[in-house]
Amino acid sequence: MALETGTIPGPCGRRAPGRSADCAPGPDIPRKQGGTVNNARSQSAGYTAGIEPVRESGVAAGWAPARVAADAVRPADERACAVLQVSGLSTVYPTTRGDVQAVRGVDLTLGEGDVLAIVGESGCGKSACLLSIMRLVPHPGRIVAGSIMFVGRDLMSLSAREMREVRGRDIAMVFQDPMTTLNPAFRVGDQIAESLRVHGFLPGLPASLTRRSRVRQREMVIELMRQVGIPSPETRHLEYPHQFSGGMQQRVLIATALACRPKILLADEPTTALDVTIQAQVLDLMREINETTGTAIVLVTHDLAIAAEFCREVAVMYAGQIVEQGPIDAVLEDPVHPYTRGLLRSIPRLGERKPLTPIMGEVPDLAALGPGCSFAPRCDVRRPCCDISQPELVAVDGRRLVRCHARRD
Amino acid sequence: MRALRDSPICLEGIEAIDEGRRAAPGREVRRPYDFQEAYEVRAARTRGSWGTGPLGLAVRNFLSFARQMAGNPAAVIGGVVILLYVAVAIFAPWVAPCAPDQVALSERLAPPSWIGEFPLGTDQLGRDILSRIIYGARVSILVGVLTIAISVTVGVGLGVVAGYFRGSFDRIVSRFTDLLLAFPYLIFVIGAMAVLGPGFWNLIWALSFKGWVEFYRLARAEVMSEKTREYVEAARALGRSHAAIICSEILPNVVHSILVLGTLRMGNMIVLESSLSFLGLGIPPRIPAWGSMVNDGRRYMLTAWWVATLPGLALVGLVLAINLVGEALRDVLDPRLKEG
Amino acid sequence: MRASLVRGKVSLVAGAVVALALLSMGFLSGAPLKAAGKTLTVVIDAEANRADEAEAIAADLRAIGVQADARIWEWSALKDSAVKGERQMYLTDWGSAYFDPFDLALPKLRTGDRGNYSHYSNPAFDRAVDKALTTIDPEVRRKAYYEAQSILYEDAPWIFGYYLSETEAARAEVQNWQPAMDSRINLHDVGLTRGDTIVVGMKTDKAVSLDPAMHRERDTETVLRNMFDGLVTRTWDGKVVPEIAESWTTPADNVYVFKIRKGIKFHSGEALDADDVVYSFERVLKEGAIGGRSSPRKGLLGPLEKVEKVDQYTVRFTLASPFPVFLQGLVHIQVVPKDYIQKVGDDEFARKPVGCGPFKFVGGRLDDQIVMERFDDYYGGSPDLPPMGPAKVKRAIFRMMPDPTVRIAALKAGEVQIVQQVPPDIAASLKRDKNVQVKSVEGTRVYCVELNCAKPPFNDARVRRAMNYAVNWDRILETIYGGTATHLATAFLPSGFGFNPDLKPYPYDPARAKELLKEAGYSVK
Amino acid sequence: MRRTHVQILERVLATIPIALGVAIAVFIFMRLMPGDPVDIMIGEAGGVTQEDIHALKTELGLDQSLPVQLGRYLAGLVRGDLGYSIPSSRPVAVVILEALPATMELALCSLLFALVIAVPIGVVSAVRQRSFIDRTSMAASFLGISMPAFWLGILGIIVFSLHLRWLPTSGRITYGFEPATITGLFTVDALLTGNMPALWDALKHLALPAATLGAGVAAVVARVVRSSMLEVLRADYVLFARAKGVVERAVTIRHALRNALIPTVTVVGLQVGTLLGGNMIVESIFGWPGLGRVVVDAIFSRDYPLVQAAVMVYALTFVVVNLATDVLYTYLNPKMTL
């Protein structure tokens, strides 16, 4: 399904020149602390000096050099700005009724410090897209095409062992339901420490059984927990996940994910399972992390409001494809794709008393897609050609990409 | 005993359901990666034009159910084997070459021979083993079905009431089941058979008498967790009676785990009959049952292996098939557990 | 949505299950005959070990138009039910220890006696056997028993059955080995060409006790007889010969005086004299003599009233009435050391028994293996059972191996040297094994099919006789019991006293059986 | 920790009503069974009068009314007096203590055997779902579930003892090899005393019965481990562990198996009950001198005191095993408290 990749100017191709110039986000969204972004890596650990008040020399000494050493072995990155460049990514899940095409030729580019939202209905392939990037598509699903360039390395060509080293260290992921994502059988502190241990920031077994390394693990874990805003980490790191509230669990997850200072954080509906007030706190935390460390974030959500609040750029997915992508304000204020419009119409807005209009019909069967546009059966601006050929993702008014035959050019 | 009581794990369990699984259906948390599942749910919703009447719904559901079962090769194999056994059982008089109780002492312990009169040989009374295996399907299937039916009826009946109303009824019945569980099973059955005397029905009762306990526990635990769910509260708020809620809201949601446990237990019951034969408490010798046939042949293992082994293989085949179907049922009826 | 979805599926599946159940219910009641008119309907009850025979008998009865079905019972439950008169036809067996109908035909068939499960009552029979029991003149007794047999033959209170040959087997290296009619395994006389330990695979699950006065079980006695000797013992074919006693006299019909061999030592080193003998018998006779419990073996001694020491090596037994089989009963009482028991107590004695037999107890457990070692100071045993002197093998082990297949496998593998009770089907193939010798001996147990003579239909002697004609015993015994069994004419054994060899067993005659049934008003095939 | 101790104590105290219930139930149960222990004990003796039988009954207290008998039995229990076996007149406590170690040893060894075999098979079958090894081992486990133990046992004896001559047919130890008694479990005693020949001999005797008895348990455990592993392997935290970069083996063992063991523990706990209470068939095939055989025999001979005491032992073992299961369960599953 990645056939059209070559035929249209991908978002990367289009935006790369602008990026390479200043590595700044689009002019439409000003960044608050642009200066911290570029050298976040070399600043060693810590989000800002402000929220990392006490740093025992022992902790830092063990932590930072290891980090530097790890950086040193990486290939020199010529195009440092595009930390992640996905092109033509396609993933299928074989089922008893045929292959479900969960991801169909997705192209994404993520600059350092970027925050991208992927929105769409349940089952449209957004989560599968993230898992594909991690190469963690659950069996029997598999990636059938595409490349995933991470700072110049194609993740698809890495061995299982090399890929494992990337996971958690360079690209981390946070899941939807913290309740099920934390292992119920282990103490929270151990789960955070595991991240550090597998990537060599803490000694693994049996060295970790010594008192000294236990003390060090404890200090590092408490520090991380404090950074994500968990109160009294000194005692709570010994507790089990079920003793934490949902929001705190999500903070633990984020602490775990960020333990090794990854370049990219993939967040799969991180707030869906949380109360609204907690949602805001978690989002604030993530924003803060992004701003202070320059960790790029891909946020998958079905909630446009969250995307609007949190992200600079948004990609709308439908049936495994990106149907519209662009700066968040532009997409929200002036949606081009009929699906995006439908999505926006089905969200209640404060202060408006317009009746909501849901999108009629159902998500198409991803195992039996026709030749035409996959949204055509539900589309209100459907044209005859929609049933015959797939629209391609083309640039619209310079800043956006839209996949629709009926687009305004 | 607490762990037993609180987790609805099948006793001596073939299958286990931990709390996570128990809680999950209520929370309706969809795991976005489970594409097969998303697909199935969607497919089940959109497919079919059978109308919305109850019959249409049932037929449509059954079709979808059958289609899902058909998609599971293990289930298909298991189902075909079971059908084969059932067909053989039904048509035994036409399939079997001899009468199963036709004693021919002069032909005893004839070895299997494909060209001879007795393809699978004869037993210690010269009865044709093939015919006995064929007729034995009737008895063994019946033992399994009846014991499970009784166990389910009693166990689920008490379990639903106890789990729903709790209170002193629950306490009394649960204490009683603790007591039954603490009693070693075989000792119990030996005693029960001695008290009841021999006979097919007494065997069924003796086997069922403790068999219901695990259905009771499973039903009780499931009902207790179902009861806290929103839809039950909603039904209460609508002023529906307890009986109506139990029958129309709760039972349908606990029935699938009961069904799964029932299929998986059925094999055990068929095997257990052989243990009783070993202890000299089996069913009448004229009635061919695989368990007692294996036991009869035990004395001839050194000289005539076929007497014990062939009925045993028939038994393994059926138990295997029942279990395959049972696991497929579990997978299909409980979409959370779908494999892959 | 979900609920209804599940409900739909489930109701259909459940329906299918119920349908299957209903369908299968019909199966079971398929075959049996219609109970129309006056078809004779019988239920044959048996223990599991005779299920095959019961089914074969049922098949024979079905062949003449009797609706017969066999069922399997736990023994005690069956007995209880039969004693209450609730059963019709039941396979039972009864062993005899006396080589006399005294403990066979009498308890089984005398009116109201303990073993009379068939509720048979015939005053003429009672008179005949009572006469045989109260006199000691052999000729009078024999005549009385002959008369009793004729009565039984006519009355046919049972379907008369058979007795089995006990087949035992030993490894080829075992010498001078001979199975005995009373199941005794006399290891004193047995030698080994290789090794010095002899292991016996016992058919029983466990020995009941190590105290020879505290059990009433044959297999236990089989084990204990190698550690304990009695006043008298038997040859393998049932003749009573002196053992500890040198000789005896009978000054009156009811008085026996025994001379005890001198120089006999117990394993504890004490010498055996009349005190020990008297003590041993009083232990059995007196109520509560064994640590407050009574011996269950008292009945073996019949009307024995008192045992007195005459001098250090002479003992006198006085009976309340003449008891012709007294000596046979005496075989089953073993002599125990008085001083030792009085010193250590009965419980300790049962843990560490001390006797005067050829082997002394070393260790083991009742339900596992009982280990004995040769007693070097053994006085030599009965002169009628050569050879004399200490036992030839150094060690004897009795292992409890209830499963026959396992027993035979152990024999073949050389783990055990002697096994009890070889199943007939295996005996044939075992005889071909060069490493094994198989021997049979006439058994002392009667196997039969008892009929409830107190209730219809078997209160009619014609029907009972018909049953006897209807069963093809020769075929059953030839096949199921591999020709190791012998059909009996009545309840009397040829090995027992007073057996009438001229009385021939009921022949297999289905025509005659049908005739009798018709006469009694039943329809036949 | 202190709290846990108190809770365990509470649980132990809570078993008293169950024990009492079992005691009364087994009493009634035995009295319901037809048959008279004295008559069975006397057997086929001739010349036994009803007076003799009645005298024996009086001596055994069986002539008293049932409530009196029950009261005396319960009073005896409280004093720790289990009475005397009827046919052999040996103290019941002695009979049981003699047989219990053998049964425990067999049960523990079969459990060990089952776990050693079943857990790896279950894990591998789940990880390599639908592979050849998965299907083969699952088919084998059905064989283990559905073939009666006596068939498997006799087959084992014919193959391993008769034809291959590797293992003894039956029994618990060869005479002369018995280790000094410490616990009564021969293998343990042999280890404690460093008596290697005894250990080897005991293990050889144990192999077949333990495998026969363990086969069914292994089958059940393998299936439970497999199905819980399948479920756990699909859990988010396993995916998350992978996303952390944890090595696959550690994901399987540390994250998945650890959680899959939670339901397994409960099932295994129940299996221990089955192993203890359901092994009379294996014991009788292999001539294993354990409690199962004793109790079956006692039932057949209506040996009331022995059956009553043995069932109490079973029930208490069941309760203890359950308590142990729960403690282990609590340890494995932090969400649970006792």
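Per-chain numbering from 1; labels A, B, C and D assigned in written order.
By our rule, contacts are C-beta pairs under 8 Å (C-beta built on N, C-alpha and C of every residue); 3 or more make two chains touch, one makes a residue touch a chain.
Keep in mind the model is a prediction, meaning the values are calculated, not measured.
Participant: Given the touch definition stated above, what is the smallest step count connecting chain A to chain C?
Facilitator: 2
Participant: Centre-to-centre on C-alpha atoms, which chain is most distant from chain B?
Facilitator: Farthest chain from chain B, going by C-alpha centroids: A.
Participant: For the interfaces A-D and B-C, which has the higher count of C-beta pairs in contact?
Facilitator: Between B-C and A-D, contacts are more numerous in B-C.
Participant: Using the average of all C-alpha atoms in each chain as its centre, how far is it in Å between chain A and chain D?
Facilitator: Once rounded, the distance between the two centres reads 53 Å.
Participant: Indicate the whole-number Å distance between the mean C-alpha point of chain B and the mean C-alpha point of chain C.
Facilitator: The computed centroid separation for chain B versus chain C comes out at 44 Å.
Participant: With chain centres defined as C-alpha means, what is the inter-centre distance between chain B and chain D in Å?
Facilitator: 25
Participant: Using mean CA coordinates as chain centres, what's the gap between chain A and chain B in Å?
Facilitator: Here chain A and chain B have centroids separated by 47 Å.
Participant: Would you give the residues of chain D that are in contact with at least 2 other chains, written as numbers and ranges?
Facilitator: Touching at least two other chains: 33-35, 154, 158, 234-236, 239, 262, 335.
Participant: Could you check chain B for residues that touch two or more other chains and list them?
Facilitator: Within chain B, residues 20, 33, 190, 194-195, 279, 298, 301-302, 340 contact more than one other chain.
Participant: Which chain A residues reach two or more other chains?
Facilitator: Only 131, 138, 176-177, 180, 184 qualify.
Participant: How about chain A: which of its residues touch chain D in the complex?
Facilitator: Interface residues on the chain A side: 131, 134, 136, 138, 160, 164-169, 172-173, 175-177, 180-186, 194-195, 198-199, 240, 242, 253, 256-257.
Participant: In the complex, go through chain B and note every residue touching chain C.
Facilitator: Residue list for chain B touching chain C: 25, 44, 57-58, 60-62, 65, 86, 89-90, 92-93, 99, 101-103, 105-106, 108-109, 124-126, 138-139, 141-142, 145-146, 149, 190, 193-195, 197-200, 231, 249, 252-253, 255-256, 259, 277, 279-287, 296, 298-304, 329, 333.
Participant: Would you mind writing out the residues of chain C in touch with chain B in their complex?
Facilitator: Residues 2-14, 17-18, 20-21, 23-25, 27-28, 30-31, 45, 47-49, 51-52, 54-56, 58-59, 69-74, 76-77, 81, 404-405, 408-409, 423, 425-426, 429, 475-476, 478-480.
Participant: Touching chain B in the complex: which residues of chain D?
Facilitator: 11, 17-18, 21-22, 25-26, 29-30, 32-35, 129, 139, 142-143, 145-151, 154-155, 158, 220, 223-224, 227-228, 230-231, 234-236, 239, 262-267, 269-271, 273-274, 276-278, 280-281, 292, 295-296, 299, 307, 311, 314-315, 318-319, 322, 325-326, 329, 335-336, 338
Participant: Which chain B residues qualify as touching chain D in the complex?
Facilitator: Residues 1-4, 6-7, 9-21, 31, 33-34, 175, 178-179, 181-187, 190-191, 194-195, 267-268, 270-271, 274-275, 278-279, 291, 294-295, 298, 301-302, 308-309, 312, 315-316, 319-320, 323, 337, 339-340.
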